[in-house]
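My questions all concern the structure below.
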Amino acid sequence: MKQIPVAILGATGSVGQRFISLLDQHPWFKVVALAASDRSIGQVYSKACRWVLAEPMPAWARDVVIVSAAPESIEARIVFSALPAELAKDLEPQFAKAGFAVCSNASSYRRAEDVPLLLPEVNADHIALVREQRRIRGWSGCITTNPNCTSTGLTIALKALDDAFGVKKVFAVSLQALSGAGYPGVSSMDINDNVIPYIGGEEDKVEWEPRKMLGKLNSHKIDLADIQFSAHTNRVAVIDGHTVCASVEMTHPVSPEVAARAMSSFQAHASARGLPSAPNPVIVLRDESDRPQPRLDRMTGRGMTTVVGRVRPDPLFHLKFVVLSHNTIRGAAGGSIYNAELLVSEGLL
Amino acid sequence: MKQIPVAILGATGSVGQRFISLLDQHPWFKVVALAASDRSIGQVYSKACRWVLAEPMPAWARDVVIVSAAPESIEARIVFSALPAELAKDLEPQFAKAGFAVCSNASSYRRAEDVPLLLPEVNADHIALVREQRRIRGWSGCITTNPNCTSTGLTIALKALDDAFGVKKVFAVSLQALSGAGYPGVSSMDINDNVIPYIGGEEDKVEWEPRKMLGKLNSHKIDLADIQFSAHTNRVAVIDGHTVCASVEMTHPVSPEVAARAMSSFQAHASARGLPSAPNPVIVLRDESDRPQPRLDRMTGRGMTTVVGRVRPDPLFHLKFVVLSHNTIRGAAGGSIYNAELLVSEGLL
Amino acid sequence: MKQIPVAILGATGSVGQRFISLLDQHPWFKVVALAASDRSIGQVYSKACRWVLAEPMPAWARDVVIVSAAPESIEARIVFSALPAELAKDLEPQFAKAGFAVCSNASSYRRAEDVPLLLPEVNADHIALVREQRRIRGWSGCITTNPNCTSTGLTIALKALDDAFGVKKVFAVSLQALSGAGYPGVSSMDINDNVIPYIGGEEDKVEWEPRKMLGKLNSHKIDLADIQFSAHTNRVAVIDGHTVCASVEMTHPVSPEVAARAMSSFQAHASARGLPSAPNPVIVLRDESDRPQPRLDRMTGRGMTTVVGRVRPDPLFHLKFVVLSHNTIRGAAGGSIYNAELLVSEGLL
Amino acid sequence: MKQIPVAILGATGSVGQRFISLLDQHPWFKVVALAASDRSIGQVYSKACRWVLAEPMPAWARDVVIVSAAPESIEARIVFSALPAELAKDLEPQFAKAGFAVCSNASSYRRAEDVPLLLPEVNADHIALVREQRRIRGWSGCITTNPNCTSTGLTIALKALDDAFGVKKVFAVSLQALSGAGYPGVSSMDINDNVIPYIGGEEDKVEWEPRKMLGKLNSHKIDLADIQFSAHTNRVAVIDGHTVCASVEMTHPVSPEVAARAMSSFQAHASARGLPSAPNPVIVLRDESDRPQPRLDRMTGRGMTTVVGRVRPDPLFHLKFVVLSHNTIRGAAGGSIYNAELLVSEGLL
């Protein structure tokens, strides 16, 4: 199979670095361009970027010369966007109009009615919005988005429960990793021996994004799921891996054992299985009393698997459990790549 | 005023060290004996103890010779107990029977019907149980207890809300400090770059202890408060200071502003004000978007004040907020000392 | 005694904050002005500043309106400078010319021949350079400087050894705290689960500054001490407190015990004793095998005392030991204040 | 090729876990037995072991039943020893006598005259001592050892310099990772926001072990290298990866560039190249000003490559540089496995 040329927008940041790392030796995609902000343009990647991953920078990336994040600078079929939201808002439509499939990690278009907010395991069918999007906007390309990193693992776990028993109310408290704030991101003076009980805009995202993903495709739009969320979001001194404590009220309450089984046996939508980045299994259940833990479990399934543990009764709702998801792999770059794979396999490229 | 002789049981552990630090230059109490486990007996304190506080060991403590934790080894009026629960269960009644007032940080008797579980700001009137306890058990001494460190700040904040508006349901998720696990406690291999989403027995305590403290004294016993709790408890890489994210449903819902005002203007029970360890104010409200934080706020009011912030609407219940409390000061040693002061001022010594 | 009005330049940064904290209730000095960069001017301090100290911001500072760092904006006798070196270079002479005594923490003038580089315990007599400085430069004010934070504790320990036995060669490797890099300073992504074996310009300072301070005042200038230094400097995940591992070759070798005694009995120059910020003792010797440690020992003597431990034989030179010094107190703000006190007591204001 | 059966002594500890992880899918070796202390015997490995590696436990290990660390319990050709030194002292000779090749990570026999202390890149020829050992002790098996983890990277770097220019004096200061202390090892209360400037017995090892490895095989024994060492060893809050700051005096001083080139072009002894665990290259030189760093560089060459950076002039000696080595891979389990591969390839099994 001939590889599909792809580009990365925002390639020097921490999510951009994950794109480069995950696309190294990707069976379908070949990175042909790296774009970043004005001050980096014209530099080779190894000079322009302060690499923060423990995995070394792939050798091919070192000497790539950074180009500007403009459609005319780039020849590719897919662009992966790790742009800040304010830039994404202007630039992503320019790329979509110019015929690129934009697989975006930015929040700018997650709430647009004709833009799919995708977790292929959960709502691969929502990708049908792309056709509507092209019709309405007259684009030859498209924009697809993946959710914020804290919603990711939580929504995957909830999907398994919602399919089986119906989910009505969710209380979620996150303990989020530093890499989610980018680089330089959180000052060491703010987080060593400390917790920051606030992440700007995050609670609002966690209370809304899962409702779209768990919603139903209804002809040309998504009916939001009738689930109520309450979220508290916190930053803790962890490099990678977001932990979420969740309590859930269900339409048809079941025992923790039955709920756990529903999660561990959960399968992705048929169209989302077998793609190169598809996690298998989608959810791993840990039965130790003190798992999942970010340092030990974040790389489960090469960082694409959602890890759930401590499934137990909740005195107020029905179930309590803990969800862990790798925030820059499943929750960011890996998620966008998985979306791109779905676009390809659905013939939407 | 002549100082009251006091002793510390479990003096070498991390809570025992806080007792020593807080009782240094206490206006009412003078430490006359330090007791610890067999392997320390006969050694001077500075040799027997691995001091873990940033404040230096008081000079007077260095050369105190450790005695055994037995009534016959100690001449004092009050014993502060930082014993492990299993030891406390046997030893504390021996001291109470022998005429000592035991002010305990251990969990062994918190649920006993005739033992007050005290936060003087919250339920100073529950100290009346001491008379019942003496009557029933035939003790000349007594046992009073303070709650577990995670319940402490949460219960103080809830008391302000319950008095003013009625509290019905509480979701609470903790991010707890390392010092709460004692010394050596948590392995560095378990917590660096990590979160442990489990603390043995803790969730059960947080779901029960506040109900007793917020309950009503009804002739000779406490009617548990009719409030439902759901708790998730987590360990994070913070030295001191427990953070709790709380969502609260109230009988009479009010705006976050009104709720915040009720908390910041909350006053301790009259009998609990003006004691040497009484926090003043009881609760400090922070209005920054990202506070309280353990490193910056734990020493508010010399570690005895409860700090609340981020009071905001909750989409599922009525209110969301964050509570911070110093776990080894207000939540442990300082709490026991405050209880002892209440015993003295109520003439129950 | 009427208090002397003082101002702080660079008041919003982490060293500026230490100045404010340490000058709270200072017996001689009263802060009358806070200056910071353009974007803060006109704001009240509590809004302009991201306070990073565990001690709360003094109440008086909250509503002080920030002024510009220019002589005409400030009425004071002393200005404490926590400016970045490049700004200090231009601004400090303007203040000195306008009659202010500038007590600077910046590196800009440490190597100027007529500017004293002061640790009052070590070289209080070097303050005589101020007269020469005024003569040469025609200033009514003056500039005094304190050394970089890593040199501070090391030089104090070496002074005790040099006076008694002569020091010839010094190997020094630092493990430096995060607060030394200011705020936001070091990214959490760079230091969690990590060490950064490089601090820009630092090794050069540690290899030169002690030679000036240990040098001799020779009529109107300092003869650098004939001691050779080799330094490696590292950043580690510690909030406050710089640890230095040192190996020392001496003219008159002595046993570790004799060397330790020389350090623990070291006294400041007579003119530097009894000042409000003077550490007493100057050096504390710890005899445990694993001390000093930054978290446990940095606040010794309210952060002004140098702590030394592990004095033992060195197989290559003569002595090995470990020095700890609080980098933003003794090594920065506290050092500048101590220098100002010396200026006052020497009648040089 | 038929796989050689191997066993692991001390399989549940943190080095034991690394053996299991590194031997997973090893081309030559197949783990047939896991031995641990009495309280684990009879349990399956997944229950007996608190797994602390970020890499998941290999599936085959989960259900292996732990046996006792005695020759009669184990059928294998090679035993890898991750035993504590006091146990290793008694047990390893029993295994050697019984015909096993013991590849030990313990310190017990490193200084024995007839036991090779091996880094195959450095002194593969010292393996000839095995024949002498068998002759003297009458063993059919043998003991080989690898050095302590701090000496490992340092010695490899020094070998490159010593071969080319002659090394005379070395000053070395370590910043060591937590995993080197095993599990539970260092208490989180001791290392969060802290440095521990002491590791029991470590400085003595770093000052002696390199001299044996850099020494010359002289008929039946090793003449220690005539190099003097001074070491300071420190524990810092890093999970894996020991950083060493080194200053070196050479017989034939060269510029940092020439020295760096000698290190980066250094090749292992011919007999040690091409083995499954052989690092290639042996040493990676980083030219950034702030590298190597443990989090970013420890996994270079799957944790077997030594990383050197900051090669620069030293004002006292000739060269300064920084060495990083993965302490539980190259410095422990990986080193023992590499030694075993050398034994096999030299026909000494």
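Chains here go by letter, A, B, C and D, matching the order in which they are written, and residues are numbered from 1 within each.
Following the convention adopted for this analysis, a contact is a pair of C-beta atoms (placed from the backbone, for glycine too) under 8 Å apart; a residue touches a chain by one contact, two chains touch by 3 or more.
All values reported here derive from a predicted model rather than from experimental measurement.
C-beta contact counts were set side by side for B-C and B-D; B-D has more. Rounded to a multiple of 5, the Cα-based rotation taking chain C onto chain D is 180 degrees.
Here the spacing of chain B and chain C, counted between their Cα centres, is 40 Å. A straight line joining the Cα centres of chain B and chain D is 48 Å long. Along chain B, residues 52, 192-193, 237-239, 295-296 each make contact with two or more other chains. Residues 51-56, 192-193, 239, 295-296, 298-300 of chain D are the ones that touch chain A when the two sit in their complex.
Of all residues in chain B, only 169, 171, 173, 175, 192-198, 200, 207, 228-230, 232, 234, 236-239, 243, 245, 247, 289-296, 309-310, 314-317, 320, 322 touch chain A in the complex they form.
Chain contact summary for the complex, chain A toward chain C: residues 14, 52, 178-179, 183-193, 237-239.
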